[in-house]
Amino acid sequence: MAMKNVMGIIYTGERDSYLRELTLMRAIAALPVAGRYRVIDFLVSGLVNSGVKNVGVIMQKNYHSLMDHLGSGKEWDLHGKNDGLYILPPFLTRENVGVYNGSLDALHSNSGYLRRSKQEYVLLCNSLIVFNANFSDMLETHLRSEADVTILYSKSPNLRRPEYGTYFEVNSEGIITDVEIDPTRPRYENACMEVYLLRKDLLMDLVDRGAAHGYHDINRDVFQRMIRDAGIRMAGYEYTDVCYRMDSVQSYFNFNMDVLDARVRHSLFSEEKPVYTKVRDEMPARYLEHARVVNTMVADGCIVDGNVEHSMLFRGVRIGKGARIKNCVIMQDSVIEEDVTLENCILDKQAVIKRGGKLIGPSTYPIVISKDMTI
Amino acid sequence: MLKKKQCVAMLLAGGQGSRLGILTATMAKPAIPYGGKYRIIDFPLSNCTNSGIDVVGALTQYQPLELNAYIGSGSPWDLDLAHGGVYVLPPYVKGKHGEWYSGTANAIYQNVAFIEQFNPDYVLILSGDHIYKMDYNEMLAYHIERGADVTIAVREVPWEEASRFGIMNTNAENVIEEFEEKPKNPKNNKASMGVYIFTWDKLKAYLTEDAADPNSSNDFGKNIIPNMLRDQQKLFAFDFNGYWKDVGTIESLWEANMDLLNMPMPIDLYDKRWRIYGRNPGVAPHYIAPGGVAHSCLITEGCEVYGRVEHSVLFAGVTVMEGACVEDSVIMPNAVVERGAQVRRAIVAEGAVIGAGAQVGEATGNIAVIGQNVKLAAGAVVAAGEQREH
Amino acid sequence: MAMKNVMGIIYTGERDSYLRELTLMRAIAALPVAGRYRVIDFLVSGLVNSGVKNVGVIMQKNYHSLMDHLGSGKEWDLHGKNDGLYILPPFLTRENVGVYNGSLDALHSNSGYLRRSKQEYVLLCNSLIVFNANFSDMLETHLRSEADVTILYSKSPNLRRPEYGTYFEVNSEGIITDVEIDPTRPRYENACMEVYLLRKDLLMDLVDRGAAHGYHDINRDVFQRMIRDAGIRMAGYEYTDVCYRMDSVQSYFNFNMDVLDARVRHSLFSEEKPVYTKVRDEMPARYLEHARVVNTMVADGCIVDGNVEHSMLFRGVRIGKGARIKNCVIMQDSVIEEDVTLENCILDKQAVIKRGGKLIGPSTYPIVISKDMTI
Amino acid sequence: MLKKKQCVAMLLAGGQGSRLGILTATMAKPAIPYGGKYRIIDFPLSNCTNSGIDVVGALTQYQPLELNAYIGSGSPWDLDLAHGGVYVLPPYVKGKHGEWYSGTANAIYQNVAFIEQFNPDYVLILSGDHIYKMDYNEMLAYHIERGADVTIAVREVPWEEASRFGIMNTNAENVIEEFEEKPKNPKNNKASMGVYIFTWDKLKAYLTEDAADPNSSNDFGKNIIPNMLRDQQKLFAFDFNGYWKDVGTIESLWEANMDLLNMPMPIDLYDKRWRIYGRNPGVAPHYIAPGGVAHSCLITEGCEVYGRVEHSVLFAGVTVMEGACVEDSVIMPNAVVERGAQVRRAIVAEGAVIGAGAQVGEATGNIAVIGQNVKLAAGAVVAAGEQREH
């Protein structure tokens, strides 16, 4: 069966409080990462590269920048009149001024979209894990295993958290036999990636029944209960490539620094699995006479005349002469004036550090400079 | 079926560019990479979209494949429209026979039916081999205001070079009184930029007359403009003072790239209100490794620099390995400079591989050129001015 | 000056209670009209035909169908990465779960979009009046008159309402000299069409000042106060072609019936001013053996085997043999079975009238059958 | 630069369609209007997009202008993609000279470089002059499953007509053992539909061999398929049972339109899961006036009917004035039938005007044709079977 018979649904309403200022005005899915991307780009590109033609993105709060980024879906060739990218913001009707109470609520509100879509299968995803997968093998395994639901999981330590997350026991046939939710110390190394593959009619039935029982969260209230139920076959499918969970400032920072490592970079960005994003049409980065840049990624539109080491420069960043930057993530259009010293900092978009400024954070707890701030 | 448009642009993108040597062996001149992420044709196309001109007929003939794939639906330039957009127009068979475009005027003449679909008042004629930013809309306003039959964009060139250009001799009101193609003793230094706005009715009449003349070479500069002058039509010059570069030779292509390394840049490519659009390669930001050096250069996305890059332009996906050195050079998409190789004053075309320890070009002298997908053996030596096609 | 230097902003949060069931689940802007259009199509097409390249649509409640309809703006050639169609839903941030308190509030929330747009002029519009204008002359007149704001008005009786609306006195130079708001009986025949042309910086300044004063509605609280102010030059520009206000079931019904009149039809739909809308790719309407249709507009995808007189059939409507339809507006995909009699009815989308059914309303108060109803 | 694709479609849209008489004087056959709002090419293009095949090379040669404007960016068929989409491919100059497509196989051969850009495993060859709905993806799965070198779609035709077609003689496993072009005494009634899937490596090899043969007519049916049979390659037939209509003559074009008036329709154009897409004229719903009559007919948007329309197909923007009568006819976009005119068993092409009281066609006999934009004088009489070009 072809992947065009699978639709993707991405729920973007994850809790984001550990990301502090970074998610004050944007969803996690819209977080800028790796110099020119947003978190959601990896998932949408992975779906498209796998052959998925219909992707619905459920918006929750804070979705302006996400909507603006995804636009018409053109960058992902998802702009057709048949299938394509569907932006699903919360329903505000004459009676209901509201926000979804959780993923199940959101799916229930969008059951019309689910019903109208012509695909038979759904890949239901969350948006806070960055990975670049091709889902075709997962689909084939799912069909072969005759499981009701197949869940993507990873043994990567990047996903393991104390007191947070879902962990499975998977038997030799790939069937999930036990589940732990938010354990103090996870007993199983298989961390749930919150990507579920199942028949659309089964999903719609689960959503209906879940809503009737007053449940809100499809992961915890439906799937995780089901794993314990007899009679429902839940299979696990292991994802063996790199993956990162964006759930705190520290994990966000570490991810960006890890991309500087060739293994991680080449795993996430390869010719076979291109990652698409909104294009800015900036000119190439320009190195001036005094530039001294090492172990750093630099996006187009940057103008660098200072010293930069082990950092990530997003599009349109300016680094003045004599500046010394180390272990920093500097988002789009930020300006670092002459003779500034920065270490272990995250600068949100359009931040300005005036001439001679100095900010040195601890590597375990980087300093965050909010969007549009001038220091 | 199609909507009326005030002005339609016709872009002569068929140039064989034989003075560009092996660079144009497998691609049309307008498809040549420039400035780290552009192709030459991005400039007239972006100028059109930024000027609000949203019908562009791109006349291709020679090696149109790459250009066809590059232009695609026109979306990078916002020219993927339901009512207009960019159309690739090769010569086609009419009735029982067909013919290739025999000259610039003939290319337009063969596409009269295309133009008529939009019922335009004016037609803008562009060529696909110059680097410049220009608001055609201002030129159109100038043309309309003066009730001109044709307006020709001109720029002042150094007097000593004037004899290499088509020179417009104008009166004080910028009325063109005489046109001299490459005059030995130029009376003026206003050179034609190859950008014309014609009132469509007039152009159609002259194209028809020209097509009926068996002795004509069917060229705008040689036939159409002289014929209009002969008949005392209203020809105006439109002064343009910005950066303008013909990239018709290896040397001028190299120079145009090096121009971007000057401070300040002679052409502002940062201007958000006049973006130059192009097809995006869709790769990650470039990476400078711990041992990498990048000075006075342009580097775009997808590059990996482990060696030294100085005063050079690197296109998408270029790799410069450890110990390699690139100086005063233009390295086109996906080329690889292997360990210890030295590249100086050179143009390395798309997909070429410079083997380990090879030496391409010299610190002085003419520009060396390595052709598309050429795999240069380890230790090979390519002298200044040499071109390697295999 | 070219119209590409003008941006359009359409506010779609008008009060809609007199439209009853018709606007229960959609904004007025999304009301289906004239067989295959939505109310907003006329305004967006008018802007595009005039040369406007940047149109922002401010969404309020109930905007799902409107968003779905406008999509990426492709039908209007507004899908570029530079300029284009911008959908501006209410801001829901981590702190603010909300709906705009009025047009001024909405403009204030979107001042970032206004600022980023490169146009110098703004055409600010409401979406409840249907008309098909070319705004180039209005712009020229505005520039010539040196007015601060130019307001479109009409003498059409279709816009006049007791106790509702804004009416002007305009002097021989086109300057507005007096204004009446919601008069019991309008003294002036010049009804405000709520289309304002002004410099963007002036608009932003008015919005800032209005917000600082705690105002909510830009029409009433800002422009109408300004008309009375000395020192601000407000000009009127008369629109002389047909226009209709969609503010009640009756006015909605009358508009659809009036389109059957050649004069109205040809004024709204002409080759020079095409009206674009979302395409459905239906096959042509099919008339079967017993069809008898007169004085009626029929959209593609209809299959007609009954009697239809003085009615409007939207796309995909089925009319069974022996049915008798008179003075009806029948929206998309509704099914009228055999031997049904309908007179003075509005059927919302996908309504079904079962075989033999009979519904006859008074012509002054048409019966409304809600979406998806089966009778 | 371009993404690998499993299967690329090549659409032979260059047919001159000379048996369609004056209808193809100014447009290519695939651009001919059909069914009230479609053009013939909408069918293969919609089949491609519905089958998930998103790279289509449309090979044009003769009169490509209308087709070029019609296809535009490809957006009506969701083929305006950054990675793929529809490309219009006319013959082009390579090196110093160029040549027109000399046959169907030559047209593909000249575009080998285009196909190679996508590095496909399979190539689907389509022709632009048939009306049918087909899932090419099913055929591709069949081809892959059998490890075929080429799979040819076939349909059973009435035995008495078999000698008009290319007939495939197959064994019980649908392996093609023999191919006969228009056999006098057919052994089989499985006719080729002109839809082929080739394994790309194999096709390329045979195209290269064919190009080197100066005696070849460079045709799939006459050369490529026989050569593959000769070499005992694996050729399979793929049975297709749906509606399929070749609209190669005036009569068959008229018939194909009339087929849509039958109950039930022999081809379901209402199927939401397999829409036939086309460029939309963007006009208001049609209007039937108080005195208008419409029976057993198809009428699309933009028409105005004041007269009588029976058993006919009206395209967008047609006007039938008071007292006029249209029966058993096909009236193409924007044609006008003036007061009291009678049109019977006729095809009236785009933009034609039938003057008041004129009589076109007769209740029996051959189909009368009025050419594009012809203005027929008031009271004129056009007999059955007559074609009016002026």
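For the reader, a short list of remarks on this structure follows.
Labels for the chains are A, B, C and D, by order of writing; each one numbers its residues from 1.
FYI, a contact is a pair of C-beta atoms (placed from the backbone, for glycine too) under 8 Å apart; a residue touches a chain by one contact, two chains touch by 3 or more.
Every value quoted in this text rests on a predicted model; they were computed, and no experiment measured them.
The chain pair with the larger count of C-beta pairs in contact, out of C-D and A-D, is C-D. Summarising the inter-chain layout, the chain whose CA centre lies farthest from the centre of chain B is C. Chain centres here are Cα averages; for chain A and chain B they lie 40 Å apart. Averaged C-alpha coordinates put the centre of chain B at 46 Å from the centre of chain C.
Among the residues of chain A, those in touch with two or more other chains are 74, 79, 81, 274, 279, 281. Those residues of chain D in touch with two or more other chains are numbered 75, 80-82, 275, 277.
Those residues of chain A that touch chain C in the complex are listed here as 16, 23-25, 60-64, 67, 71-74, 79, 81, 87, 89-94, 97-99, 278-279, 281.
Within the complex formed with chain D, the chain B residues making contact are 1-2, 60-65, 68-69, 72-75, 80-82, 85, 87-94, 98, 100, 113-114, 117, 279, 281, 333. Partner chain D is touched in their complex by these residues of chain A: 2, 4, 51, 53, 74-75, 77, 79-83, 118, 274.
Chain contact summary for the complex, chain D toward chain C: residues 35-37, 75-76, 263, 269-270, 275-278, 280, 282-301, 309, 313-314. Listed in rising order, the residues of chain B touching chain C in the complex are 3, 49, 52, 78, 80-84, 137, 273, 275, 277.
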